[in-house]
Amino acid sequence: MARTLTLSFSCPDTSGIVAEVSAFVAGHKGWITEASQHTEHELSRFFMRVEIRAEYLDFPVGEFARRFAPLAKKFAMDWKVSDSAQPRRVVLLCSKQEHCLYDLLARHVAQDFPFVVPCVISNHEDHRKIVEAHGIPFHFVPVTPETKHAAFRKMEQVFRDAQADLIVLARYMQVLDEPMCRDFAGKIINIHHSFLPSFAGAKPYHQAHRRGVKLIGATCHFVTPDLDEGPIVEQDVIRIDHSDTPEDMAHLGKDIEKVVLARGLRAVVEDRVLLAGNKTVIFR
Amino acid sequence: MARTLTLSFSCPDTSGIVAEVSAFVAGHKGWITEASQHTEHELSRFFMRVEIRAEYLDFPVGEFARRFAPLAKKFAMDWKVSDSAQPRRVVLLCSKQEHCLYDLLARHVAQDFPFVVPCVISNHEDHRKIVEAHGIPFHFVPVTPETKHAAFRKMEQVFRDAQADLIVLARYMQVLDEPMCRDFAGKIINIHHSFLPSFAGAKPYHQAHRRGVKLIGATCHFVTPDLDEGPIVEQDVIRIDHSDTPEDMAHLGKDIEKVVLARGLRAVVEDRVLLAGNKTVIFR
Amino acid sequence: MARTLTLSFSCPDTSGIVAEVSAFVAGHKGWITEASQHTEHELSRFFMRVEIRAEYLDFPVGEFARRFAPLAKKFAMDWKVSDSAQPRRVVLLCSKQEHCLYDLLARHVAQDFPFVVPCVISNHEDHRKIVEAHGIPFHFVPVTPETKHAAFRKMEQVFRDAQADLIVLARYMQVLDEPMCRDFAGKIINIHHSFLPSFAGAKPYHQAHRRGVKLIGATCHFVTPDLDEGPIVEQDVIRIDHSDTPEDMAHLGKDIEKVVLARGLRAVVEDRVLLAGNKTVIFR
Amino acid sequence: MARTLTLSFSCPDTSGIVAEVSAFVAGHKGWITEASQHTEHELSRFFMRVEIRAEYLDFPVGEFARRFAPLAKKFAMDWKVSDSAQPRRVVLLCSKQEHCLYDLLARHVAQDFPFVVPCVISNHEDHRKIVEAHGIPFHFVPVTPETKHAAFRKMEQVFRDAQADLIVLARYMQVLDEPMCRDFAGKIINIHHSFLPSFAGAKPYHQAHRRGVKLIGATCHFVTPDLDEGPIVEQDVIRIDHSDTPEDMAHLGKDIEKVVLARGLRAVVEDRVLLAGNKTVIFR
């Protein structure tokens, strides 16, 4: 894999943005291998993502941010640049269910997309053995109604020690408290086992069974203080029928939960997800 | 196509139902070509659908109902038997949008599944020419806030004159009133352009756009006095992305609206749909 | 809808293409509303598609081609520019099956995407009435083994008279001869009722039934002299099971045939399809 | 979960089969909770699957086979009966890729469907640690061109020692030899990373890339001496585009490979798969 820089930004919409950005890259011998753009008309805001082959640049890779800053300032960009040589650090949180955890561990082993797992945190001991068999530290942080806030403060310390870029709730069954949602805004993604906005909250498969829907879904979204209301990153559904109980749905639903979470994580890790209010722009 | 009888019923669950029904059919030389069953445990209710080749029966086809009645009574069945020689009479209602209408007309011409269209009713004149080119009578029944109830009474008369078994709202843009919903309960199906229960009511694509979902859906359901709350027959979804406006969704959504409606209609016409409270049992 | 120009091209890959193209557009006050690019590494070839709001350009729209030509020449582009004010002229060919024809007529009436149907050609009279009810001329051109080549020459004359940009085989059941494939290369798209390359040639549903596949497919592709071997534009599948006969598949398959053909046609009409050898680059 | 017996059979088609089978069950107070049937007209063969609640039978569960035998003989059935109290013993074979292995291990831990893994066999040592962390024995059986047949004989011994009901090739990268295919006919399922019959044999993703298809697939099938030609159990596809390299496809394809394999395994384990020549009847 060639080393790449990924520049992503949004800014007030105006003409000439693409031209100036590509001129900047071309002017430094950079090679754009992928470029996507979008205008959110209601917000009058422009979004762009560019992948650049690092090796051809006429200055050291580490200087990109400093050199690009004036252009970013000119267009009032909310921007970031990532280096493929520094893969994201993703802390996984899980409870008793194993399907999302195993799925992400398999992708990590195979490096289907570039990410590092500095540690796994769980409120149960069940998966310690498997996690440690991968050489990944496992932190058991029990959560009870009384200890909840202290537990979350402890977990936040683990995030910081691990220098986490992202936190993934891989079927983690505790509702995060407001300080954590706020302090790590835009850095926590969750998988909810329904096709939101249907069946938010508890026991979505029971809700789906009661309504008699013919498809069940899963939604990967950013975590905000408003439960299950954060910006949606990815969704998918599978077919069920009248004979499926909520327990059957829970088994069948795993197949989309893990895939939707993984696709969502990949998009975030690859800087393909930009926030536009409570919505997401996702560049394929 | 061989002539078939389709027996469908539900009744309180107990043992021996399948045995007695199949013994009845076998005792009269009947040949069961398809059979499906389901138990709805919460309701303690048993559902069954059986297709029987008519030609082998040792009595005239028309006598089936009379001869089966004692068994139906014994098990307290809610039941019906249909004869493939008498295809269902399906009245179509449409407004300005043409995709569902054209789709059903094409299926009618091809007889993808057996149904007759005695007439089409619309609150607009737009599709008269096309409907009449198929040799199907077209009734223009305008609906205004003032004339609404009178218009619906007139349409009910058309249903009765047409000896309609079913009424299909093929993107018909008026909300039926309560008398019509009540008098034709279980006989009217609608296509709603969202994945219910999400985005019930008006302008579902605008609602979907606002929430930033990654899939949009369509739902075929029975019409009840509670708007968009009736038993669901069929649903499906398609992928969209951040670049799709509500207008784009409206165009893209047509591809599932028409397919979901047609699949729902087919299932109803073939007696594959049995009601179980506010849910449906659908035998494939 | 705002008037737009769509520029699409491919050329030998090198650095600076995007920068010069966007500088050209920006230099003339143009507003790029959509841009996509791709490099086909095996061919060392670069592909791009740009949508430009016409109203802001500082020269008359009609001069775009002349003014862009020097840049196109510099990069040895294979290029074209289209004006949304001049929708594509699409001749439809059909035989007895109606689903694709009806589907495209409904999209044409609704203008789901911009295209004009100057006429319909068929080797059967079945659909004359419906086509003419839309105010579209219908040409009956019978094809027999003896008259085949003469018939195709006659159809070519109709294409020319109609100033057709594109020809769509909407389940047209005759194999085009080589002169027609050659003279209208890149201008004819077909819908084949299998997931190519499986089940090319005759009776794909019978082939699928024999092999016992669990999904059936449809493929929209450009027509070339090699039957069912042309560049693929779009594909999709639906689930079947052991109980489906080839006739059932033929009924079920219609739902994907028409959708795949329509999506393929839309992509071609919107200049989203660029040829890369025997493959296609398709910009969403 | 209530204890159930699952009776599945095929036999020459005639009338009265369903009636006699259900009378037998009802006559012994059995409760049929699920029943499915199918006639394969080309083979004049009837297929049926029945689930029976064991607790209500008026004889010990273990006697079912002996008591049912006369009826089975009368109709010349090819039949079997399974007891939910004796879950299937499934030996997993894998090589270096981990996605199918991890996925099946997660399902095993969760008991999404009832199966036991007596051991895992691999021609590589990579996954020993993870497998053993689950308390499952791991057998390393290297395979080289010279030792191939001896290795397969050794593996067969492991199958027998493990009393395996089924063998699953979870992306096992060696082609089984004919004696193994023959001796374990109907007991080995494989996952092939293409939508068969397209792209059989080696490097299917490279083949798919060359042809420019828009979807890639995976197929779960029984292993026979004819490579990739055995009866198909399950298939699915996912969308790709022009920008995906064969390596990208290999990453993306994992998501359907593991799901298709798991769905196929589940159907086999639950006796939902009956062989009909080189095809399968699969009761949902």
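Note that the chains take the letters A, B, C and D in the order they are written out, and that residue 1 is the start of every chain.
The rule is short, and it goes like this: a contact is a pair of C-beta atoms (placed from the backbone, for glycine too) under 8 Å apart; a residue touches a chain by one contact, two chains touch by 3 or more.
This one's a predicted model, so the numbers in the text were calculated from it and none came from an experiment.
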item: Pair joined by more contacting C-beta pairs (B-C or A-B); value: A-B
item: Per Cα centroids, the chain farthest from subunit C; value: D
item: Gap in Å, rounded to a whole number, between the CA centres of subunit C and subunit B; value: 35
item: Centre-of-Cα separation between subunit B and subunit A, whole angstrom; value: 41
item: Sequence positions of subunit A contacting 2 or more other chains; value: 34, 241, 243, 284
item: Contacting residues of subunit A [partner subunit B, same complex]; value: 38, 40, 195-199, 211-215, 217, 231-237, 241-243, 276, 278-282, 284
item: Subunit B-facing residues of subunit D, complex; value: 15-16, 18-20, 22-23, 25-27, 29-37, 39, 56, 284
item: Residue ranges of subunit B touching subunit C (in the complex, touch as defined); value: 34, 97-99, 102-103, 105-107, 109-110, 112-113, 129-130, 133-134, 241, 243, 251, 254-255, 259, 262
